[in-house]
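Note that chain A is present in both complexes that follow, paired respectively with chain B and with chain C.
Entry: the complex of A and B
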C-alpha cells in the first residue's frame, strides 16, 4: 500500500469512528450504545491491521488482534451480561436533552480539527487525521460520561474515550511499544471488571444505579 | 546490587500480598503486614545509600534518581506507620463490626498490592509503565475505598474509579502526544528505549513545542485528577472520608504525591521543549484554583475526614504553586512540602480515626472534649492540626515559607497575595475546628477506655518525624532534596 492510500483509509476509518461516536452520544437504549462501542472498537482493530500491513510493524498486528478480541468482543459481552443481570427498564437517562449534547458534539469535533490544524510539524509524526479524530473521541467519551446518569453508559463513554487514545497511538509513525499497549489493555479490562462488580453489588444491596447515588456532598 | 534492588522493591509488597492470601489468622496477617513494610523500609534505605554514593541507577524500565527517592522514602515510611497503626485499629474495627473478620486477608493483600503499584509509579522511568502503574493504583484502591460495603462507600468508590479513570486516560493521551513529538524528533525511536523519560529528556529541547504544549495540558489534567488538583478534585473528599482510615492515610499521604511526581516528570520535559514559562503558567493556574476552591469547604465542614480531604486539595495546590514559582527555592520548597504534608496528613488521619472510633461519629460537633477522654490522642491531633495550619516551628511552616519566598522572588504578586490570604483564612478555620474538638466537656456517649498502644506507636513515629523535620533537616535528606531540585530545575 502506498502512503497515500493508507492516509485515505485512515481518514475514512476516522470518519466512521466519529459516526459511531455520534451513535453512542445519541443512543436512546443502552443496548444500542453497547453495539455502537463494539463497532467502534472493531474499526480501531481494522485501523491497526491497515497500519500493520503498510508499515510492516509486526507489533501492530498483535495490538489489532488484542483490540478485536478484548474491546470488540469481550468487554461489550460483559456489559451485555451486566445489563441482563440488572434487568434494567429505564435505560438511558440524559442530564441534558440529546439535541443539546449533539450540538456540543459538533463543537468538540470542529475544535479538535481546529486545534490539530495549528500543529504543523506534527503531521509528519501522526498519520492522516488520526490526531483530531483521537482528540474528538476522547473528549466525546468524557461528554457521554458527564451527560448520562446510568453506570453502564458511563462505562461505554469510558471505552469510547480509550478507543480515541488507541487510534492516535497506533497512528504515531513508529507505533507505541507493544508492552505498553498490552499493559494499557490489561488495565482497561481490570477496571471494567471492578466497575461491573460494583454496579452489581449496589444493585443487589440498595436496588439503585450506582451512578444515581448522590448522598455525599459538601 | 542497587540495580537488582530496583526490581526487588516492588516484589516485596507483591510477595507479602500473596503470602497474606494463604492465611486467615489475624495475628499472622498483622505480623506479615508489619514485617513486609519493615523489609521495604530497610531495602529502600540501602538503595538510598547506593544512590547517594553512585548516582542514579537504572535496569530495564525501572530507574531511581534522587527525585524518585524523595517520593519512595515518603511512601515506605508511611507504609510502615500505616502497618503499625493497623494492628490496633483493626482490633477496634472488627469489634465494632466495621471490618469482617473472615475477609481480612483480602483487605491486607489489597493494601500491599496498592503499595506495590505505587512503588512502580515512583520507580518507573518508562512513561508508559508510569501510566499503567498509576491506573493500577486506581483499581486496587477503588476496591479498598468501598471496602466497608456500605452504600456510601460504594458511591465514593464509583465516583473515584470513574473520575480518576477518565482523568488518567487524558494522561495517557498526553503521554502519546509527547511520544509522537519524540518519534518525530528521533527517527530511529521505537523498541525498548522508547518512552523512557531519561532518553526523552536528552533530546527534550529539540521536541516540537506545539505538540508538547498540548501533551502537557492533557497530562496536567490527567495526573492532576489523580493528584486532587481543583477542579478535578471531585472524587477526593468522598474517597478520603469513606475509605478505612489506614487507606485514607495512604491515599492522602502517598497516592496523590505519586501523581505529582508524574506531573513533575512531564513538567521537566515541557520546560525543556517550550521554555519554563509555559509549565509555570499552567501549574500556577491549577495551584491557585485548588487553594481557593478548598478554602470555603474547609471552613464550612462538619465531617472531620472530609475536612482533611479538602485540606489535601489545598496542600496539593501549594505544591503546584511551589513547582510553578520554580527556581531552586520554589522547587526545593515544593518537594519538602510533599514530604511534610504526607507525614503530617497521615498523622492527622490516624488521630482522627481513633477519635472517630471513640465517639462513633465523624461529625466534629459530636467530637468534643477529646483531651479529657484521650489525652495522648488529643495532643497528637492538636499537633497535627497546628502543623497542617502552618504554625511554626512545625515542618509545613518551613516549606510554605520557601514556596512563598520563591513567589516573591519571581514577583508573582497576585498569586502570592491570594495564597497568603487563603492560608490565613484556613489557619483560622482549622484551629477553630481542632480547638473545639480537643477542649470542652466530652459527651456522655464518648468511649472512656484506655488508649490502645499500637495506634499510638504508629502516630508517635510520624509525630517524631514531623517535629524533627520542623527543627532541622538532616544532611542526608537535605542532600537528596538538593539533588532532586537540580533534576527538576536544570
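Entry: the complex of A and C
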C-alpha cells in the first residue's frame, strides 16, 4: 500500500471513529453505548491492521489481533453480562442534557483539529488526521465519564478514552514496542474487571450507584 | 452555465419520480411485511389506494376556509417542482437553470408548511396536534440536511445537484474522504425523519396521538387526500434521490443516447432498492422514539453533518 492510500484509509477510519464516539455520547440506552464502543474498538483494530500492512511491523499485527479479541469482543461482553446481572434501568440519564453534551462534542472536535493544525512540521509527520481524532476521542471519553451517573456508562467512557490514546499512539509512533502495548491492554482488562466486580459488590450490598456517593459525609 | 440535460430529459425525470414514488413505498411495505414474517400487500398497493381515493367524493369540515381545498394541489405542486431538481438518469447540470439543492430543500419545506397550514385550517384536534409536532421536528431536520448538502458543495464549488453528482462522478468508497463518511452517516440518521418513518414518525398508524404526518392528513378526503398521499410518496423518492445524487454516482456523465440513459435508470433503481431496504430494516428493528427523545436522535445527525462540514473546512 502506498503512503497516500494509508493516509486516506486512516482519515476515513478516523471519521468512522468520530461517528461511533457521537453515538456513545448520544446513546439513550446502555446497550447501545456498549455496542458503539465495541464497534469503535473494532475500527481501532482495523486501523492497527492497516498500519501493520503498510509499515511491515509484525508487532502491530499482534496488537491488532489482541485489540480485536479483548476490546472488541471480551470487554463489551463483560459489560453486557454486568448489565444483565445488575438488572438496572437500561435508559441512560446523564447529568446535563444530551443536546448540551452534543454541542460540547462539536466544540471539542473542532478544538482538537484546530490544535493539531498549529503543530506544523510535527503534525505533518503523523499519518492523516490521526492526532486530532485521537485527542478528540480521548477528551470525549472523559466528557462521557463526567456526564454519566452510573458506573457502567462511565466505564464505557473510559474505554472510549483509552481507544483514543491507543489510536494516537499507534498512528504517531508507527507501532510502539509490543511489551508496552500488551501492558496497556492488560491494564485495561484489569481496570474493567476491578470496576465490574466493584460495581456488582456496591450494588449488592448498599443498592446505590456512583452518583449517590456524592452525598457521603465523613 | 450550459448543461448536458435538456429540458425534455428533466421533465421526463420528474414524471418518472412522480410515477415511481408509490412503487418505492409499496416496496418498503412489502419488504417490511416479509421481514416480519407476514405476506403483506403487493408492491402495487399504493397505486390501488390512489386510484380508489381519486374515485371518491370530497367531504370537508364546516370550519375549513377556501384555502383548505387548494392545499393538496399546492403541496403536490411544490413537491413535484422539487422532483424536477433531482438528477435521475444522468448527472450534470440541466440546460436551463432551474434551481439548486437549497431550492429543493426550500420547496420541500414549503410543502411541509402548507400541509401544516391545511391541517390547522380544518380545525380538527388531531390536525393541530400533528402540525405542531411536525413543525417541531422540521427545524431540527432541515438545517442538518442543509449542512450535509453544504459539506458536499464546498468541494464541488456549486450547489446545483446535477453538477454535484457529476463532480462526485463514479467515485466509490475507496475514493471517499473522511467528511463523506460523516456526511453519509448524518444523512442515514436524518433519512427516516425526512421520509416520515420510524423512529421519528409512524406512517402506518392513523389514530394514535404519536403520529406526525398522518395526523395532518386526517381532514382531507377523496382526490385531495390522493394528492397529499402522492405528495408524500414523491417527497420520499425525492429525498432518496437527493441521497443518491449527493453520495453515489448518478450513472454515466457523458452517457449519450438511449443506452446511457437506460444504464442510468438501472443504476438509479438499484440505489433506490438499497435505500428502501435500509429504511425497511430500520423500520422493522426499531420502535418509534418518544417525542421528547427526538431532539437527541436528530442531534446525532446534526452533529455528524456539522463535523462533516468542519472536516472539509479545517
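Going forward, the second predicted complex is superposed on the first by the 207 of 218 C-alpha atoms of A that agree within 3 Å, B and C clash if a C-alpha of one lies under 4 Å from a C-alpha of the other, contacts with A are read in each partner's own complex, and residues count from 1 in each chain.
By our rule, a residue touches a chain if its C-beta (ideal position, glycine included) is under 8 Å from a C-beta of that chain, and two chains touch if they have at least 3 such contacts.
Note that the structure is predicted; figures quoted are calculated from it, not measured.
Superposition of the two structures on chain A shows chain C fitting alongside chain B with no clash.
When both complexes are overlaid on chain A, the residue A:190 reaches chain B alone and has no touch with chain C. After overlaying the two complexes on the shared chain, residue contacts for A:96 are found with neither chain B nor chain C. Looking at the shared chain after the overlay, A:216 reaches chain B, while chain C stays out of its contact range.
In the superposed model, A:26 lies in contact with chain C only, and not with chain B. Once chain A of one complex is fitted onto chain A of the other, the partner contacts of A:109 are limited to chain C, with no touch recorded for chain B. Shared-chain residue A:58: touches no atom of chain B or chain C. Number of chain A residues touched is higher for B, counting chain B against chain C. Contact with chain C, but none with chain B, is seen for A:12 once the two complexes are overlaid on the shared chain. In the superposed model, the angle subtended at the C-alpha centre of chain A by the C-alpha centres of chain B and chain C comes to 150 degrees, rounded to the nearest 10. Of all C-alpha pairs linking chain B and chain C after the chain A fit, the shortest spans 19 Å. Taken together, the two complexes place no residue of chain A in contact with both chain B and chain C.
The part of chain A that touches chain B in the complex is made up of residues 115, 118-122, 124-126, 131, 134-135, 138, 141-142, 145, 151, 154, 157-158, 161-162, 164-165, 168-169, 172-177, 179-180, 183-184, 186-187, 190-191, 194-195, 198, 201-202, 205-206, 208, 210-211, 213-216, 218.
Remark: chain B residues 126, 128-129, 131-132, 135-136, 138-139, 142-143, 146, 149, 151-152, 154-159, 161-162, 165-166, 169-170, 172-173, 176-177, 179-181, 183-184, 189-192, 194-195, 208, 210-211, 214, 237-238, 241-242, 297, 300-301, 306 touch chain A in the complex.
The touching residues of chain A, counted against chain C in their complex, run 8, 11-12, 14-16, 18-19, 22-23, 26, 28, 98-99, 102, 105-106, 109-110, 113-114, 117, 129. By the touch criterion given at the top, residues 174, 176-182, 185, 293, 295-297, 299-300, 302-304, 306-307, 310-311, 314 of chain C touch chain A in their complex.
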